[in-house]
Structures are given as C-alpha cells and as structure tokens.
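Worksheet: one structure, shown below.
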C-alpha cells in the first residue's frame, strides 16, 4: 500500500474509548462530511472492531488506530496484526501514547512494519527530550503533550507549543506536529495552528462537549478559517 | 447481553494471527456451515478488525477474540473496550494465553467485565497448578496447555489430558475443558474428546495443514462422530 | 536452604522505598531487638542493596525482599536472581503486591524457585476472588488488601478481615494470613490479630509516624499482648 | 554526588546473573586489582544484593547495576530506588538492555534521576536507528549491540562497529561508545578498540571462559596495549 499523503493543516478526532459502534460511526460520518466539504485531512481514531465498518461507510477520513503491534503473520494471541489493519481499511496509527507506552526497540520495530505497509505513524512524546529522541525516527506526525494536561481541558501554553514544534522540526523537518493537549474551544484550535503546528484536534474537548457533533464542526471550521488566513 | 449457552462437545478454531480479512472470512464461513450442519458449537477466533464483518456474514459461530482488556468507556488509547466488542458481535474471549499473559488482578477484573457483558471466558493455564488457581474463578472454559507443546504439532499425552480435565473439574465442575495443544489429526481430535475434554480444536494443525478447509471439516466431523459414540 | 519456620502471631515491617541505607539499618536493628526481646517473628522488607548489610547486623529478623524474579543463573540483565538473594541473607519475599503485579504463570514459576531455595513467600491479593485463586498455590503467607486502602491509613473493617482470613484458610489451611492494610495505631494492630489473622504490620503507619521507632515498638508490644491474651 | 569522570579506553565486566555473592566478589577483586595496576576505568556489573559488599571491598571499580527504576523515596514495592543504590556504592547503571527494555518515557525519567544523583548511564540500543534516538538524550556511554549477537560469542563486524560509533558520536560527540557484543578473545578486544570505540568488555566471553579470571586479565591487558599504541 502506498502511504497516504497528509496535507497541513489537518485535524484529528481521537475518541479513545469514549465512542464505539453506532456512536463512533455517527461521528465518523460527520467528520467525513466535513473532510469532503472543506477538503481537509482528518485523522479519526477508532476501536479496532469498528475499523471495517467505518472504513466502508466513509470515504475521506484517515482511519486511524490508537496503537498497533509489530506482530507478523503467524502465531501471537490477541495482538494487533498490521496486515489485518490494512486490509480492513486502516491508514494510520498512533504509537507510544502516554496511555500506551512502548519500548524504544518496539517503537523502531513497529515503525518499520508501518513503513512496509504504508501506514502513517503519529508518534507521541511526553516531554521535549522524548520528542527529540523520537523525531530522529522521522515519524509522519508527532504529538508532544505534557502528560499532566491530557484530559484536563487545559491547553498547553503558546510557548510550550512553539518550543515543541521547533524541537521536532529541528530534528525532522518533514514531520508534522499535532498540538492536541486539552483543546476544547475554537480559540484553542486557533492558538494551536497559529503556534505553527500542522494539526490540532481533541478527545474530551469534543466527545464530552455539550454537543459533540457541533463542537467537531466548529473546530474543523476554525482550522479552515486559520488555513485561509495563513494563505493570505 | 445474555451469555450464550455452550454445549459439549464443542470445537475451537483459533487462527491466531495466521489469518485475517478475506482468508479469515472464508474459513469462518466454512466453520459456520459446519456448525449449522452438525448442530455443534464452534468458537472461532479473529483479529479484532475482522469481528464485525465475520459476525455479519455468519450466524452460528461463537465469534471469539484472543484477548480483551478491562477498559471502561472513557479514556485509554489502543486498548480493547469490552462494550465495543459486544456491539460488534463478539460472544467470547480467550484470556491469559501463554502468548498474552495477564496478572491475576487483571484476570479477575477482566472476568468481571466479561460477566457484566455476557462474554464467555476461555481462560488458559500453563500448568496444573496454574489451572487450579484459575479454576477457582470459574471461567466458562479452561485450556491447560503445557507451553512447550504450543505450535509444535505434538499433542499432550492422554495422562496429561486426563489429569488436567480432572484438576479443573475438581475445582470448578461446571467449567468446560478444552484440550487443543498440538492437535493436528483426526486421531488427536478423538483422543482429546475421549480423554474427557469438553472440546478440542487447533491453530497450526488447521491453518498450516495442506488443505486447511478440509482439515477443519474432518476434525469437526470427528468430534461429531465421537459425540454420537458417547451418546450410545 | 531449609525454609524458616514462621510462628503466629508475627509482625511485618514493610518500609517499601521509604527507608534505605543507614535509616533502614537503624529501624531493622530496633526490630531485631524487639524480635529477640519478645521472641516474635518479624518480617522486615528491604531494598535489595541493603540485604547484605542488614542481614550481617541483625540476627532474628526475617530479611524479606519486596519482589523477586524467577531468573536462573546465566544471562538476564537487571533482574533479581533468587540464588543471589539467599547467599546475601534473604529468607522471604513478597510477591504480586498491588504495586508489583505478576502474571499467574510467573507467580507459579517464581514460587517454584522460592520453594527450591527455601525462601518463604508472602503472596498478595487485591480481592477475595484473587485471594482464593492464589491460596490454591499454598503460599506461606497471604495478604489480602483492598487496593483502595493501601497507604491511606484507613484500616480494613473487621468483617472484611474475617472474610479474607476465612477465604484463604478454607482453601489453604496452613497458609498464614497477614492483615496489614492501613494499620496505623495499636488499636488497628489489636483488631487485626483479633480478627483471626496470623500477623499484622505496616508501611506508612510506621515510617510516616511522628516517631517511627517508638510506633514500631508499641505495635510489636501490642501483638505480644494480644498473643498473651489469646493463650489464656 | 558528583558523577565520576570516565576515561577512554575503558573496560566493562558484565557478569549479568552468571555470578553472585562470593564468586562475583572474587572476580570484582581481580578487576579492581587490574584497574589499579593499569590505571584503567572498569565498569563491573553486579546483582543488587552484592553492591554493598563489593563496594566495600574494592576501591577503583565503577560499581554498576544492570538496571534501575525512576522510583522516588516513598511507596513502591520491589523496585530499585536510585538513592538506595548511591548510598550503597553504585556509580553507574545500564539502561534499556535488550534483556530489560524500557519505554522512551521511562528512559527519559530514569536518566533524569541518574543525573540528579550523579549516576553514570550506559544506555543500550539494538539498532542504529534506536542508537541515534537514544543518543539525543546524551547518555554517558552507549552500547549498540545487534540483539541477535548477544551471548553468541560472535562479534559484530568491523563495519558495524565503525558505523555505530559514528552514528552515536554524530548525534552526541561526548557520549562514549562501548562495543561488547560477542567479545570472547583478545583479538576481539583489539578489534573493538581499534574500531574507534571507547570501551569494550563482555559477559559470556569472560564468565564462561575456561579460566574467567585469566581471560579477564588478558582482555584488560589487551586494552592497555592498544591504549599505548594509540598514544604513540
């Protein structure tokens, strides 16, 4: 499979384990519609069991899993086979999220498997030191979230965003940076993209909002607005 | 969801990570046809991404995953949400396979989640001591495979099978015992059921056979034959 | 090595990683003096690096580590070799503490190594279900602490203590039960032993007390008092 | 504690879990004598329980543990407290050995603890990609061993050694490189140092030799010889 080309600025909807089945599908369809309408790339993370169905019922989303293993075809019970993901419709995977850390050796091995199969990698780091270490592996996208902000609704400050964007780009200029810690308002979305990040998005900021679908729409539209301003 | 009632003797097709996508679906359809034809319960393990599709295209199989986590709806990146499994069509899960061991505390917690959601548990043990410890938790099915035989095509000897059947039943009389280590011929299938086990099945004995589909058919038919003999 | 015979009621000082070096040695000497004075068995847990020194400078304590691995003599980097422990003076080990869970397979394997080498095992469980599963392995001592009480200074209620004592003894009559969750006063000590437990002790209740040495002394003396009362 | 200054070329005796107690002490004393005689820095890895005793009975060795945790003073059962190591005499630690991998986040955190306490870090990598990622964290020493050679007695080829030396130095010029995979003869020792490595050493090449003490002596003397040649 050829790896999909990602265009900046992009958006990322990461429902973690908040959504599954019908509800995940419903939000995915909305995100797909927005991706179409605004010609924007949207990563949408899903439970593994929902990959096939969501891939079938959407056309523009980058179907993304929240972790994958380096398992190869053969034995291995209950791990995530990359070949299986691809056949079901996966195009990207998160790796090394603070809630799912991997050893460095595993990260290198899984990234090699992703490369072989054309799966884009969104690698996560908890600190600037970790971000720079991982950036040497040239992932497609990097997230650098201070662990203490995850799920809090507190956004990283602008200085932190600029520093991490810079830290990653200085090591791997072609890696995109996703700033998504604590994003819960359109103002946060604007701030993230304005910081120089290539993408933004969220989890609880969207799925725990009073109206998740509307929040998603407003956030994506804000990215589109900032995109237009940056082109001027 | 109400937990599905399992009837002894049953069969278990466990393709691990040997099969996925179309190939897994093809074998699942054959197994489903056999389950129908012979009115026999068949556990069929799948990659998570294949659950939905295989559940949609079969009607009699017990769609089984190879591991699940105790994750609840909310945060958690890249773990297996039981609610998501159920909505997609899962009815059973393996736990604590030698290739995916869990801590005792996790096992207790995951089994509680399975109970809540009506998911049958096939718990694995590596030794008689471990089997008796786990049997106290009253899983629906237990597998007791000497780790050194997994994937070898060498079957446990009859004495070992009888001892483990007995060890499990003495602690938890209602737990079914699955004898599946190294099963690769119809003779092995017969031996397993004759040992007093409630079920048998295999991985490499089926998927690595010259003709996997035919091997599956012959093995299931052998279980059916022994079932008839035992009724006489 | 022959396994040391433990006598009920015993006491357990578990400084976890609160104490090390000189400070651990000082408390160990006090505990040793109390063990001598009152002819009582006292488990004293230490950092691995402190084993040799504390073993050399005490004579009655049961030098206890907080975990050990099943590693055998040979390769293996940074794991705990049981033979090394024994030569340095270790007589007992905790296993499967909520802060250091192990898989069931590992627990069985480590306990086999302990048995070979004459190391007593204090196995921990988080719930009654887990306690009964582990009790089938017949550890020397079992601890059954509701995880949510560890380090809180809240003691398990009497009913919980009685239930867990009973749950363990019903499966393995010769296993001693240690009730140590949240013990911080002599009243807690009395309650634990009165519940039918074979031992009690603590971590933060001792090391975080205003005067840890005096608290240790008072707690041990309380066990001795209850011991006398029970003999009457 | 101030971190000890390491001088190149150095030697590393890594008995893993092959030696403990008296036998480890005996070899440590010999290594200490050689360190003195030839004024050379020698890392000597030990079981945790042997730290105190070996530190007391040697004066020149760099007492090294095979892993440490990031644990801080407080709760935590059965993990390695860095403060305890230092008080007992530890001056260095291996981290992320192929037999004890850590997550990237843990590596960053443990290295911060080591820095605070003046403990030198010998970080391991399995591949050039992994080596470069870790080199960004500027460990004191790096080992880059192709996992498949560990314990085989097959040495890395010269090209691999030169490439890894270069890969590490290009990212972190002040990090020393240790080439120790499969070193079992004085010829291997010479080759490693000649490749441009700052140090060499071994495990099975020494402890499994017909005469381990003599092998150690010959290897150290070979480093000393090459050192003299390089000075000319």
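The first chain written gets the first letter, and so on, giving A, B, C and D; residue counts start at 1 in each chain.
Following the convention adopted for this analysis, contacts are C-beta pairs under 8 Å (C-beta built on N, C-alpha and C of every residue); 3 or more make two chains touch, one makes a residue touch a chain.
Given the structure is predicted, the values throughout are model-derived calculations rather than measurements.
Identify the chains adjacent to both chain A and chain B in the sense defined at the top.
Where chain A and chain B might share a partner, there is none at all.
How would the chain C/chain D interface be labelled, same or different, where same requires over half of its residue numbers to be shared?
same
Please tell me the distance, in whole Å, between the geometric centres of chain A and chain D computed from their C-alpha atoms.
So the centre of chain A lies 39 Å away from the centre of chain D.
Using Cα averages as centroids, what's the distance between chain C and chain D in whole Å?
From the centre of chain C to the centre of chain D is 35 Å.
Between chain A and chain C, what distance separates the C-alpha centroids? Give it in angstrom.
46
Based only on mean CA positions, could you tell me how far chain B sits from chain D in angstrom?
46
Please list all residues of chain D that touch 2 or more other chains.
98
Assign the assembly's chain-to-chain touch graph to one of these shapes: line, ring, star, complete, other.
ring
Let me make sure I understand the interfaces: which chain pairs count as touching?
Here the touching pairs of chains are A-B, A-D, B-C, C-D.
Inside the complex, what are the residues of chain A that reach chain B?
Of all residues in chain A, those touching chain B are 14, 16-18, 20-22, 47-53, 65-68, 71-81, 83-85, 87-88, 90, 94, 97-100, 150-151, 203-204.
Over in the complex, which chain A residues touch chain D? Could you list them?
96, 98, 101-108, 125-127, 129-130, 132-134, 136-137, 147, 171
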